Structures are given as structure tokens and as C-alpha cells.
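There's a structure below that I have some questions on.
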Amino acid sequence: MLSFECDYNTGAHEKILQKLCETNYEPLPGYGADKYCESAKAKIKDACDRKDAQVFLLAGGTQTNQTVISSVLESYECVISADTGHINAHEAGAIEYSGHKVVALPQKYGKLDAHEVENYLKVFFADENHAHMAQPGMVYISHPTEYGTIYTLDELSALSRVCRNYSIPLYLDGARLGYGLMSDGTDVTLKDIAALCDIIYIGGTKVGALCGEAVVFTHNNAPKGFFTSIKQHGALLAKGRLLGIQFDTLFTDGLYYEISRNAIKSANRMREIFKKKGYRFFIETVTNQIFIILENEKAEELKKHVSFGFWEKYDDTHTVYRFASSWATTDVDIDALAGLL
Amino acid sequence: MLSFECDYNTGAHEKILQKLCETNYEPLPGYGADKYCESAKAKIKDACDRKDAQVFLLAGGTQTNQTVISSVLESYECVISADTGHINAHEAGAIEYSGHKVVALPQKYGKLDAHEVENYLKVFFADENHAHMAQPGMVYISHPTEYGTIYTLDELSALSRVCRNYSIPLYLDGARLGYGLMSDGTDVTLKDIAALCDIIYIGGTKVGALCGEAVVFTHNNAPKGFFTSIKQHGALLAKGRLLGIQFDTLFTDGLYYEISRNAIKSANRMREIFKKKGYRFFIETVTNQIFIILENEKAEELKKHVSFGFWEKYDDTHTVYRFASSWATTDVDIDALAGLL
Amino acid sequence: MLSFECDYNTGAHEKILQKLCETNYEPLPGYGADKYCESAKAKIKDACDRKDAQVFLLAGGTQTNQTVISSVLESYECVISADTGHINAHEAGAIEYSGHKVVALPQKYGKLDAHEVENYLKVFFADENHAHMAQPGMVYISHPTEYGTIYTLDELSALSRVCRNYSIPLYLDGARLGYGLMSDGTDVTLKDIAALCDIIYIGGTKVGALCGEAVVFTHNNAPKGFFTSIKQHGALLAKGRLLGIQFDTLFTDGLYYEISRNAIKSANRMREIFKKKGYRFFIETVTNQIFIILENEKAEELKKHVSFGFWEKYDDTHTVYRFASSWATTDVDIDALAGLL
Amino acid sequence: MLSFECDYNTGAHEKILQKLCETNYEPLPGYGADKYCESAKAKIKDACDRKDAQVFLLAGGTQTNQTVISSVLESYECVISADTGHINAHEAGAIEYSGHKVVALPQKYGKLDAHEVENYLKVFFADENHAHMAQPGMVYISHPTEYGTIYTLDELSALSRVCRNYSIPLYLDGARLGYGLMSDGTDVTLKDIAALCDIIYIGGTKVGALCGEAVVFTHNNAPKGFFTSIKQHGALLAKGRLLGIQFDTLFTDGLYYEISRNAIKSANRMREIFKKKGYRFFIETVTNQIFIILENEKAEELKKHVSFGFWEKYDDTHTVYRFASSWATTDVDIDALAGLL
């Protein structure tokens, strides 16, 4: 059975497994105080080119979004997101569970537009009754977005400018950040992101780790008591080494970028194959996620041999499906897929 | 200074004040266990024609919405509302503060459409990933809506049908219910509402009381422990008599309807005057709220003599304002307003 | 039927009712922006002798505690209270509902001891694992306490010193503050309290108002966005005038103190009568609450003619009951009680 | 450097690592829908001898406690715990963050006493004002306790009886369950626990896994929507395989018990050594945690060669420290420790 269902269908990159095995019997302090966590954090700060950054390692994406957003916001503040943003659409109300409204603005190709945000803020503060409403306290974006699209440097800079004008932190969810950074034609680097955003999370789970997301407060702006907040959210692993070792490996010798690039090359090949075979794309993407509109019958046929992800109903006879490559996708897999299409 | 700013700019109907004075020295048990609360509840059940209803008296609207919604929903559930719904737009994130997402659907004249709701639910449950999302656990509407519009019996019945098909309670926020029930041409009675909705709140604050909202669970469906939940939300008045006496008075000899009718008659006169004088309406309403688009200069001029409410910016030179009548509006007030327009 | 059940069994002082009636038809802005609120706040600041104080008016006690505590605390902080403190024992978990732990320390006569608090903080910060625990962010006391006892100036000063050493705000719940200030032999004034505490609430509901509590941030230390937080907690009355008029009246010509003194004089008489008749006191009090240990049979007998409050079981044949006087208690009531004892 | 700091200072049992490596490239569905999770759950149900049990795999202990407790409790309910219980003392207020009060009862050797619980419930429901308080909705115990002690079958049965009399679920936190089950002289088996408790969690993190806790609802009593609740708490790992593979390995051929037994044998040797060398025990334990009172100077000396955990200050010159063995402790380690003592 072939699998293009998602980018978290295999285990971890073998260098990670190898390092976990090698270090297994080293006694290390718990809760992230070990030397591998320290090393990982230093490497991530370097990669971001931010000496004054603070790095924290958490286990999963929704957990990270909930912990970061609810710790940064004051209790009466809300977070602005594209309506398709992961926190708004697919996290089971985790942000609201922590007490905060997600204000959803319309998206374009999964992206939040700087003008849209600026206009929202202008109208909000011009409203004489705005003290009766949840106050905007953060802007949330994802890169790549949930639709596999990416921001240009201009778009990101414009968002950053609006946020800084209003003194509202900009938070970038990089669950699949590697795939965005390694996309063909992107003009955005990790350093750009670290310079333009106030908080970012660099995804591990979907980019070669068993689990793990690295939160970066880019300019010494972690909220007071953040370590305690992590614990309070149930997000503090006793064996912090599990996260430290993984991120230390990913950020050694550019492994994170290298394996991300593999996913992009794989996705590029897949896109060509889909195109050549006449499949309809639901949206144009340049990252590792490809959205294809399939006739329902065709889909059922394909499902016998390959797994892929339900995205949404298109119409009564068609459905949108997601085909994802990953750091682990091989040419053999793609050839096999090509044979089935 | 004339005041058409809102329907809560004066105190209470004089019969309420009189009753508060008369009963002032009667020693009564606290927390709503007094005979006036009991009498008020019985009269409200009668007015709803629901023998198996349960009635609770709370102090304010946002408080009522927060207490009801968070007590009825399971922790992983969300509430569906029109995007202009009070809980979504003007309650400072009170629902989210209590842990629940407000799913905002597009409105038509402030109203939620049954087809829209049905379609949302159909798509939601057809989504193979819906267990990863907040589960719909309530539909919230307001009658009159925030735009001063009202549901027809057909519209309300359709919403009720959809909710019952999906076993999701329908909750009607009646902060201004009296004004809806007494509007010209409405075909909806309180009994209809009580039959079609699972929970309703009958507004006192904006209909002649100093404070107070009556929550009606229409068919013995109050959540377990609801009294404790009221306390936990800080919504239990020690002197419950303040609410009991007010609602007992409002629901004696049809006072609630009578004074609501006064607001409608006043608003009808005001609408005629605005129309005759060539003012532009932002939206057509039949209740006590009138939305007028004013040139900014004209508005500044008027504000010297009459207060009215900011609603929203219309364009760079115009603003939408709300003029509200109330149970207390007099013909003298309206004549004076007419003279200024 | 005589009633000594509590201090909220009658309505409001007649001057309050009179003022509500007089001002009833004055159109006033909503949400506390009216002139009576303004005047009340100015008078309360004067009474506290704090020019830089900020005053907010809320409706009820649990609501006030929840709104204040959850707005002042950071999300990872807890509040320290005597184990008998109202927030710990009798508010249905309202503080925890807003996300914060109540750390309960042992009480002495309902009071929190400065040494106890200091020791707790010393041990807490000496614990090498304290970052894994909720961080102390406030000390809560009540004056009078739930047991009707009061702090001496020395005790209060000591608590204040400890709090300021640790930079932790001291919050005083004065639901019955008037009765504490007017007690025989107290050496604590409102000005002392305002100087020693960071936040206080001056109770109205139990001291002659229909409802209402005045929160005082004593030195310009209200948390950012506090108005929005009040709304978010459902604690913002549309007709703020109801609170403004009441507190304006209570703080005009010393009415608050005068009517509190009546409760103390009444309680003093009652204490003498109980003593003379050989009743056993559960605890010595100097305020308006008297705790008597009654034989269960005697209690049943008395209940036929007078209502009084269950406090706790004493043993299998005895129960502790509370007899409370109030601003409204008359000598006629007390004589009648004396006749029954 | 020797390490007896805790039982989570090394990685995972080598069979777990081996299995992770072997299965690494198998494509598997995410979010716990894979065959290893299924197999692990079946084995755990078998081990519990509960055909109608429901098993869920989460990543960490505080996360598990927060997710389980807040999902099982109604919003107005609280959980009863020993005051030394992990949820009360060392989880940064995570339970309160999710909205629920932890009612702390006095402990005896870290244990909750059935009589104490019964008495609390009796007094609670006898209090005429109990509707004003958080309602008891769960009893929480840990086995072994935070003090390394364990319940006898009689004690556990008595607690179970009280809970069932009051229809309150009994929840057992087994973060170190293996060490309790394998202790010398225990008369409690996993089957006993599964029969007497309503919910248990079987700890992996501290018993040989990299991370992971298995929640068992023992009689088909998982709350509705629990999967969504897990997601909402940020506790759903995308690569659920990480948990499935680990628990599948731990519950194959009795590995969980076998490695737990190693920790107990190691601790027994350590206890003998401490005793022989005249060290003072802070509390008697039979599990893998040993609490020793050390002179501060001696402790500083020892810390140069061995790490161990701060527990609490004993007096000005002494401190209580924890020495823990684990599944990975070797005789070589213990010999080295003995040489230093």
C-alpha cells in the first residue's frame, strides 16, 4: 500500500533514531534542562540569526499554539487569523478552550492579507464601542499555510509592518516551515522570518521528527513565567531529551533543510505527473501538499492501492483530496503512484 | 438634552419602583428563594404556556449568555451564531472566555438562515476529520436581532426543525424580546418561541427593569447543577428579590407587553419622521431600533441637542447611528426630535 | 416571622430607594458612564483618601472576586487565602473556573496570619522545583472575615509588609466592610485599609444597597483593559446608574458608616441577650454576625418563629447557627427575639 | 557522574528503541489510528482483564491528568485529592487552569483515607448551603503516591466503596504504576485496580518509555467526545505510532512488569545500604523512591559525584532528598553509590 496521506505517516529521520539510540543510557536531567536541549536551542538561535531569541521545545502543534497564544495574550485579548487558519479550523477549539477568541478574517489562498488586517484594526479602534469587544492582541499566520501556499517577503514584511504599527505581536506557525523555506521560488529565509515575526514555531513532527515543535521568541520577548505556563498546559515532557536530541540533530549540518528539500523535489515530480495526466488542481501550491479534485469513483478505485487525505467535498460527484510528500518520500514511491494514476 | 441613544437610558417602570418600595422591609430569604421570585417564575411559565419549563433569573445579558451557553455545552462543543450575533460581536469574548468557540455564519439582516445552518452541519459531519474540530452543540439566535429585525414564524420553525433533526438545542436571546413580540406585522408569539426553542431569555434590562433577564428552559431541560453554575459564574444575586419583584411586576396584567408596545408605537412615529425628512435608513427595521446614515457634519450638529448611538462607519463622510425608542419614550420626546431633524 | 438569617434579607436603605425614584426618568448614558457613577467614585476615593485610586462598580461579591482576581493574576499565578476564605469555601469554585488555584492556608479565627503567609512564601521560593507550581500572585483576605472577626491594625500592617516584600498585591474583600469599620474597639479605618492594601472591595449588597460592590485599586494599579475584563466576565450592568446612584447615596454624609453602626449596636444588644440567657458562642465576634451553638431540638423550636442561618454541624445533637443583624435591624426585632430565647 | 535524581533520567528500554527503528518506514495513519496503537490497547485491556475498557494513549502525566479530569467533571464539579497529590501540589495549577477546584484533604503517608473522604462527603451534603459550593465529582489518588507509598487492597477497596456509594468516579494516577505493582509485599494487582477504579492511567514515561501514559476507562465510561477533548487539550500526537509502539512493546511478554521489578530490586538494595550506613529515612517506602534526610554539608559533598533530587527543607541544617531507582538502574550504579555514602 502506497501512502501519500500526510507528511507524518512515517517515523523519524534515521539520524534522529541513531542519536536517540546512542544517547539512550546517558543520565540527563529532566524537563528540558539537559545539554541536548541547550545545544538544540543554540543552533536554532543561530539559524534564526537572533542572539536575543529564546527557544522552547514542545511536543505538538495544537499544544504549541494553545500554550503560546494563551500565554502571550492578556485575558481580554483575541488573536486574528485567516478563517482557514489551523487554530480557527482544525484545533477543536483549543484556543477558545484557553479563553481567547479567534477573530477570523477572509483568506486569499490560505493567506492573511496585510491590508485586510490593517483595515480590521482601523475599523476596530474607530468603533466607539470597542472597549466592549475582545481586544486584538496577536496576529497568527502559518507558513506554509493550510493550503500549502507561502507568503512572499513583501507580503510578510507588510504584515509585520502593520503589526508593529499597532504594537501587536506577529506569530508564525511553521508546522511545515522546512517545506516553505525550501520551496522553489520562495524569497523568504528563516532569518527573514525571525526578523519580521515576534514569535515563530519551527515544526519538527512533520519534518522528520517523531514529535516536537520549537518555539522561538525572536527578541527576548517570552512572556514572564512561560516555563510554568508550559507545565500548566500539560506541555512539559519529563524526558525533555526526546525533543532536545531531535532538534539538535535536525539543526546539525543543515539536516532540516536537506530533508525538507527532498519533500519539495518529490512534490515537484508529483505535480508534473498529475499535470501530465490531466488531473485538476484545487489550488496551486509550491510546497509539499498537492490538492487534487477527484471524481468520487476514481477516488474509490485509487484508494485500493494508495492512501491520501480527504480535504473537502467539491460537489456531489467530486471530492478534493490532499497528496503530501515528505522528507521520506522516495522516487520509487512516486513511480508507483504514477503507475496508478 | 434629548436621548435616543439606547433603550436602557432611563431607570425602571414606575410600577416596578413602587413595588420595590412597598416590599422593601419584608424580610425574605436570599439567592432567589423568595416568594416574588417564585411568583415571577410561575407567571413566566404561564406566559410561555410551558408547564414543564424551568425559569432562572439573572442580572445582565452577557452574563446570561455566558452562563447559559457554557453550562449547556459540553467542554468540546461550540455554539453557532450569526456573525453579527451579540455573543460573537459585542460581548468581549465572554463565550470564549468560558472555553467555547463561537462559529460565526453569515447573516441576512442580522438573521441566521435555516438552510445556512443545515448546510454547515451537513458539511461538518461529512468532513472525515470532524472529530478534530469543536462539535456543534447549540444554535444561538437573537430576536429581535442586533439589527432590530425579527424572525417570521416560518423562519423560526425552519431553524427549530434543523436543530431538532441534529439534536442541537436552539437558544433565543431575547434581550429586547418585548419589542419583537409587539412589532407591527409579527406573526411570532412568546408561546411560539417557547414551543420552538429549547432555551430562551426574556430581557428585562432593556424592557423596563433596572436589571434582570429571565432564562427559560422550555421543557425541563436545565443542565444538572445549573444553580451552582450560576453561582460559579458570579451571576447569583444575594438579594434575588430585586429580580423577582421586577419580573413579577412585568408579568402582571401584561405590563411587559404594554410597555413594549409603547416603544414600538414611538419607533413607528420616528420612522415616519425620518422618512418624511428624507433620511437614509441603513437597514429596514420594525422594532424599536432605527439605523440612520448621517453625514458626519450633520451628526456633529445634532449631537449638541440629542444623544444617539454610534453603530459603524459607513464611509469617509458618513456614519451609521442608532436611534432607539423604549418603554419610556414619550410623544414630547419625539416631537422635540422631529424639531431638530 | 422574625428574620436574623443574614444581612441581605431586606431591600435597600430608604434614601437609596428615594434617590432611585427621583432620578428615574433622567436619561443617562449606560455602562457606568453616568454622572452618578462618577460622583460615587469621587466620594469613595475621598473616603479612602487616595487621589490616585481607581474605582469600579460591580453587582455582586462572587462576581467581584472572580473579575478582580482573574484580571490581576497572570495565567500561571494563584491566590493565597485562609482556608475559610469566601473564595475558597463558598463561591462554587468561581476562582478556579476562571483558571486560578486558590492556595488555602490555615486560619486563626477566620484570619490569615502574616507569619503563616511569609513562611509559605519562603518555603515556596526555597523549593528548587517551584517553577513547576502555580506562582503566588495575590493574597486575599476578608474584613470582617467569614467568621465575623476583624484584623487589628498591627495584623493588617504585618500582612501588608509581607506582601510588599514579595511584590504580591494584597486584596481585601470587604463584603461587610462597614460592619468591620464600625465595630467596637477596632483600630482600623478605611484610610488605613486603603493605604495598606492594593485592592479592596467595599460591599454594598450587605450594607444597605439592593446590589453593588465598589472595587478600589488604591494606587492607579488597575490592570490594563479592566473595563473590557468586566464586560467579558458578564459583570457590566447596562444600567450602571443602578450602582452609581446607590454608592453615591451611601457615601453622602456618612450614610454608609451610620447604617453600619446600627448593625453593630444591634449585634451588641443581641450578644448581651444571648450571653445573659446562657447560650454558647461558637466564636467570639465583634461585628454583625453572631455564631451560636444550639441544641437541635431547641433550634427546631425556634425556627417556628424566627429564621436564622445554618452554619455547620457541631456534633450529633448540636448545630452552629448564624444570627446576623444589619443596617435595618430594629430594637423591636431584637426585643421580639429576646422574648423567644 | 552517578544519577539517582529521578526515574526519567535515561531514554527508553532498548526493546522500545529497537521496535521504533524496525517500524520506522512503515507508513501508518496518524492520530492513533494505527495498528500498533490498536494492539497496545488490546494488550492493556487484557492486562486489566476488562473487556469493556476503553484505552487512550497520551504523552505526559500532567497532560493526562488535566485532560481526563476536566473531561470527566461537569463544569461546576471539583476533584478531591490528598493535599500532597500531584495535581494539587506539582502541576502548576493545571487542573484549575481547566476550570476545576482541587479539594485537598489531609494525607497519611501520601495516601487518601476512605473515612476522611466519606466524612468530607457526608459533611458536604449535610451542609444546607452546599449548592453554593463546587460539587464533588471525582476522587483522585496516585499509586504509588508522591511519597512512594502504596495502597493496600483493603484501603483501595474502602475508597472504591465510598466512591460508588456516592456515585463519584475513582481515578488512579499510575505515573509509576509498575513500581507499585512490583513492590515487595503489595497485595494489589492491576486487575484489582481496574476492578475498583473507574479510570486509571498506566505510566510509561517513568517506566521505560520515552514518553506516554495509557488512560483506561475501565467500564466503557469514557466521556462523550473524549477524542475531541484530547485534541482540544493539545494532547493528540500526530504520530500516534510513537505511543502505540512503546506501549505495545511494554505490554508484550510482561516487559512492563519485568523492568519495574528491576527498579524495585535496585531500590531494595539501596534501602539496605542507606540503613546499614545509618542514614535517616524521611518516610518508609517500598517502591523505587527513597527519601533521605541529609545534613546540608554532606549533601553538598555528595552532589559532586552523584545527582539526586531536592524534596523539601527539613530544618535549617538538613534537607530531604529523593534517591530514585528505575527500570535502568544497574548493580554497578548501586555499588558506586554505596562507595560514596
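A few points about this structure:
Chains: A, B, C and D, in written order; residue numbering restarts at 1 for each.
Note that in this section contacts are C-beta pairs under 8 Å (C-beta built on N, C-alpha and C of every residue); 3 or more make two chains touch, one makes a residue touch a chain.
Every value quoted in this text rests on a predicted model; they were computed, and no experiment measured them.
The greater number of contacting C-beta pairs, out of the two interfaces A-B and B-C, is seen for B-C.
The greatest centre-to-centre distance from chain A, using averaged C-alpha positions, is reached by C. Centroids of chain B and chain D (each the mean of its C-alpha atoms) stand 49 Å apart. Inter-chain centre distance (chain A to chain B, centres taken as mean C-alpha positions): 41 Å.
Our note on geometry: chain B versus chain C, Cα centroid distance of 33 Å, whole angstroms.
Of all residues in chain B, those touching 2 or more other chains are 75-76, 91-93, 97, 99, 132-134, 228-229, 231-232, 236, listed in ascending order.
Across the complex, chain A is touched by residues 75-76, 78, 89-93, 95-102, 104, 123, 126-129, 132-134, 310, 312-313 of chain B. Those residues of chain B whose C-beta lies close enough to touch chain D in the complex are 31, 70-71, 74-77, 99, 131-135, 224-225, 227-229, 231-232, 236. The part of chain D that touches chain A in the complex is made up of residues 1-3, 5-6, 8-12, 14, 17, 20-21, 23-30, 59-67, 91-94, 97, 205-206, 210-211, 228-229, 231-239, 241-242, 307, 328.
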